[in-house]
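The structure under discussion appears below in the form of structure tokens.
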Amino acid sequence: MYVVVDLCIIPIGVGVSLSEYIAECQRILKEAGVTFELHAYGTNIEGEWDDVFAAVKKCHRKVHEMGAPRIATTLKVGTRVDRPQSMADKVRSVEEKLKQS
Amino acid sequence: MYVVVDLCIIPIGVGVSLSEYIAECQRILKEAGVTFELHAYGTNIEGEWDDVFAAVKKCHRKVHEMGAPRIATTLKVGTRVDRPQSMADKVRSVEEKLKQS
Amino acid sequence: MYVVVDLCIIPIGVGVSLSEYIAECQRILKEAGVTFELHAYGTNIEGEWDDVFAAVKKCHRKVHEMGAPRIATTLKVGTRVDRPQSMADKVRSVEEKLKQS
Amino acid sequence: MYVVVDLCIIPIGVGVSLSEYIAECQRILKEAGVTFELHAYGTNIEGEWDDVFAAVKKCHRKVHEMGAPRIATTLKVGTRVDRPQSMADKVRSVEEKLKQS
């Protein structure tokens, strides 16, 4: 099952600067071989369900190892079985609608 | 790794009545042996990471099998390594603060 | 426009104990006159759009005043125009489906 | 109060093609004068709290007018009072950490 995910990990109990934790998660996603793209409020990821969720679990483990006692993550998870649709397809589809009018 | 999750599955492309899909997911959670509780905008689940996410994956598969071509899920995922905290603990902790003042 | 919301406010930069902040938000919701119910991973709220979002804004202001330099909130927001549906209706609808089978 | 938001609007009851609804919301955000950027699983928005949430409400109204009987939206809402931080700052901060190592 192919999945498109939006991942937003919030480490709690380590102050207000969270970018080093997010950067470490980007490294984990890169090693995981999934497609991903950072945006201003999370990271979009696409790939096989098991690969993506294994990477998310590794991110939680790593952020705890880095010292965060608590983590609150928000995930949006999209699957579809009618046709394949990549992250790039989703953006392109909206942009085409915007050009048409 | 123990996890407390809030799961909200939205089947897309099957009209506006979604409760039969949600009910089916409740059955999957029951079979999975995780602790869970339905609320008005999702279902809280607690258990071992792998058990909880295996159940979430089963829910996606089932909802597709029931006819939904597309699913958009929102998950909140909480882990902590400083101390154990159940779903009941979390609610109790807030309620105690409310009584104190 | 009537709305059913799931609100989860995460104060950042104030350590790992968040229940006093959540308790304060419960007080704000009570004063706001909206219907609400705490669960293990957030608070469900229903009411008129403007009333609910004014209360959410007050919660952010208050949590900052209490000392949190940063807040990360997740909101689920449901509206429907086909028929009225309360938080209690949503839970009841799933529970009825569970009984039927 | 300045806010950075991630908005993901899911129209329910109008089939599986949602891009025309999303495109219409992009137009509303443009008219609203807030800064925004579409990504593969939502739209990041920044601006004054009242401006951003007025635009979100307009999006809900418009999507209902376009025929969607029901909408399920997920919003992530970030505020901070310690220092200003734009959407671009957030991405840059992570990218700098990635270069350093």
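Should a chain be cited, it is by its letter among A, B, C and D, assigned in written order, with residues numbered from 1 in that chain.
Heads up, the rule we're going with is that contacts are C-beta pairs under 8 Å (C-beta built on N, C-alpha and C of every residue); 3 or more make two chains touch, one makes a residue touch a chain.
Treat the numbers as computed from the prediction; the structure is a model and nothing was measured.
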item: Option reproducing the contacts of A-C, where over half of them reappear, out of B-D, C-D or A-D; value: B-D
item: Contact-richer chain pair (by C-beta pairs counted) among B-D and A-B; value: A-B
item: Chain centre separation (chain B, chain C; CA means) in Å; value: 17
item: Chain centre separation in whole Å, for chain D relative to chain B (CA means); value: 25
item: Distance from chain B to chain A - Cα centre to Cα centre, in angstrom; value: 19
item: Multi-partner residues of chain D (each touching 2 or more other chains); value: 8, 13, 16, 69-70, 72, 74, 76, 78, 80, 82
item: Residues of chain D defined as touching chain C within the complex; value: 1, 13, 49, 53, 56-57, 60-61, 64, 69-82
item: Chain C contact footprint on chain B (complex, rising order); value: 4-6, 8, 16, 19-20, 22-23, 26-27, 37-42, 44, 46, 74, 76, 78, 80, 82, 87-88, 90-91, 93-98, 101
item: Touching residues on chain A, where the partner in the complex is chain C; value: 8, 10, 12-13, 15-16, 18, 69-70, 72, 74
